[in-house]
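Consider the two complexes below, in which chain A is the common component and chain B and chain C are the respective partners.
Moving on, here comes the complex of A and B:
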């Protein structure tokens, strides 16, 4: 599996992609693989404020419900409506069409986030 | 499957359509006596808009069809009375029949909660005795029996913590939970108004005192600890852990889901626990799962006692009465005094065993789990090397190389006549197989179970595809759990 170079990654298996003052958050291919078939995605409403390390939603698979932790601080400006109808997209295209939320940043991005290479080393790939 | 293995043989069982599908107009299984009062027109009495001519799709069947329907369905069941029920962390132990005899005694079975106190002395004595015995077993100062089940007990316990801290001026903000915890722990903390901080376990699957010390500050209200934890390992640093929390004024909550490993051997109150809940339907042998209801007794140390749900029992001149004068109480958490019938069964279990008997049961539970571990360890990867208590947790690491995961192994186990173990929990073990045999299993049953799992590991080497498509001998082949979860059909629509 390829992990996009332009993304940053967390130890909790989220990815972020920054464009200007907006960050997109998703979960990694590895995360969806570990979770198995995803059956429900619970996401916040637009306007919700999120903080680094804070849980802002959850992903439910046939195995477990897992919290999603925000790698970013800011306000949710867009939520991926695709996922409420088609949670399986998160298994199919976790780095693309199945992004979770877009956040308008209120503070600079945490420097501790991992590069694609570091993340792959972290998950042992 | 080798013919000598497994507990099942091919066997005829009858198919059964839904009651809706058996329905035909006009059939019924009742006869009502003729009206002996003036007839009332429902539309006049209730308003025509509130009356319907018929209930759409309501099944119409005869008495014998209803009896056969449910009797046939009952033969499809698997329960503890048919064999080992190795669901880890669930303590699916045998429910001794003496419990049922006692619970059916007329004076107890027919007691009404609105009976006056002077006619309820026996029932109140049952409650008082069970509180006393559980307090002794827990090593705690007081016990409430009101909560109706485990998660309810957790919620009650954390509300007690909140009330206690609030009375000191600050309920605090956070509850710490290890990453191996049951999902109900963080859920409880959130419902009680706390933020949850998850602590990573160390490489032995235990709480790391250094990680804990770094996470505890004056904002932490409590830590919720399961001991032994969900990997079946005793948190051997528990006294140190409790010390770290107490030093910062935080409370130590123990989830007693795994208390079956401790009864008669170690008392949570002695190793620093402030409040715990115990599932009577696990550790104290009352019916479990569909056979419930449950009971989630909560034990507390004396500083939390004033906050316990009211009313509380008090004895005056040898007579029991309810004490409603409990100004600090968090209030009732359940109507009357909990699931009384369950409490009677738990008391019967404790009294039938006595102290030495309870201790023996615990030792047998530990022995059975470790016997399974010893037999399976060469075939399945043990999750953590630390000594197992009452359950053992493996991972599917060896089998995954052939593309077979824990869920597939569990399905194949059904073909051998066993209920599956707990699959994919705890979450910190990738591909977990969590096995808890309990003390009530004879060695022959444990051997049959281990033989089946060993045979499956050989099948995986030889024919992994066959295992991946199990079960093969059941009424229904593998069901599509994913579609069922994504697009659930929750009612019959005739399609």
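Moving on, here comes the complex of A and C:
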């Protein structure tokens, strides 16, 4: 699997992509693979404030529920409506169409986030 | 719950790894939770045929002239009604009426019963049965002497029949035959934990890998797949079958769990009979009932259930039902509320989500 070079990654298997003052958050290919068939995605409403390390939603597979932790601080400005009707898209395109939320940044991005190469080493690929 | 540092392995461990299974610690056993994906595996069993390694299950054998007396003392069903070659489901109860385990009783001979028990309960079950052995029976904890493979689904019979001269169509549901598979001894039972037709075969551990690969080959034309514990759970949940540690445990009686059909009060004395009779005459306080989620969210094991805003019970098993395309579950509720058609709320991550009670089972195959 390829992990986009322009993304940054967390140890909790989220990715972020920064464009200007907005960050997009998703979960990684590895995360969806570990979860298995995803059947439900619980996301915050637009306007919700999120903080670094805070759980802002959950992804449920047939077997289990996993929290999603925000790698960014700011306000949710857009929620991916695709996932409420088609949560399985998260298995199919986790780095693309199945992004979770977009956040308007209130503080600089945490320098501790991993590069694609570091993340792949972290998950042992 | 503490686990030994080294997980126990079934004789098929290497096969699972070769097939790319995701392995998990299941009650101290290194077991496959999924191969291709839980939903795909679930659908394969409902529409074609799947095979499961259930070698972790325990086998306890009770032998001797008075084997029936011991079996009937420790279990709730009436083993006196079993013919040789017949199987039934039963509760193994403590004297207080709660479950030690749920078991399958196979009558091998007048003086020989073969009990299939849950993996993580086998030592406890053995101690329990042995400590109640007032009839000088031989009680053997034989989990290590059997591997077990379940073949389940509409094409299970055709798949297994390719490997045996034993006439499988002559084995009725909940009967078994000591026959052969690929010319080697096998106990072939028409039982299962999926709600589908199928067989569970017991073979020598050192022959399990050979049987496994033969079954994969034999079932290829029907689309056979190996099935992990994840789909085993969704399949049994749809079929409304109890899982020890969820619907039943030491604090739950068979009457509360909706298993009165395995309690035979007229068979004479047995462990747990008096408290169950008392419970029956006084009336149950709580009962197991199914539910279906109406709001967005999935009820999971252990979640609180509320009725009209007040805490009322808990979810024993819950999750997506792939065949029904709904989120379902089972829960305990006070007896006056354990009726189909009641609006309830399942507390999903501290938020009430609407659900409605429905009867169990959720799925019945068309015969």
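By definition in this document, the second predicted complex is superposed on the first by the 125 of 125 C-alpha atoms of A that agree within 3 Å, B and C clash if a C-alpha of one lies under 4 Å from a C-alpha of the other, contacts with A are read in each partner's own complex, and residues count from 1 in each chain.
Simple rule for what comes next: a residue touches a chain if its C-beta (ideal position, glycine included) is under 8 Å from a C-beta of that chain, and two chains touch if they have at least 3 such contacts.
Remember, it's a predicted structure, so these values are computed and weren't measured experimentally.
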Of the two partner chains, chain B (first) and chain C (second), which one does A:63 touch, if any: first, second, both, or neither? both
By the touch definition at the top of the document, which applies to A:39: first (chain B), second (chain C), both, or neither? both
Give one of first, second, both or neither to describe whether A:87 is in contact with chain B, with chain C, with both, or with none. first
Share the list of chain A residues that count as touching for chain B in one structure and for chain C in the other. 37, 39-40, 60, 62-63, 65
In their complex, what parts of chain B are in touch with chain A? 183, 196, 423-425, 427, 430, 481-482, 485-486
Touching chain A in the complex: which residues of chain C? 22, 33-34, 37-40, 230, 233-234, 296-298, 300, 319-320, 322, 327, 349
In the complex, chain A touches chain C at residues 36-37, 39-40, 42, 58, 60-63, 65, 84
Residues of chain A defined as touching chain B within the complex: 34, 37, 39-40, 55, 60, 62-66, 87-88
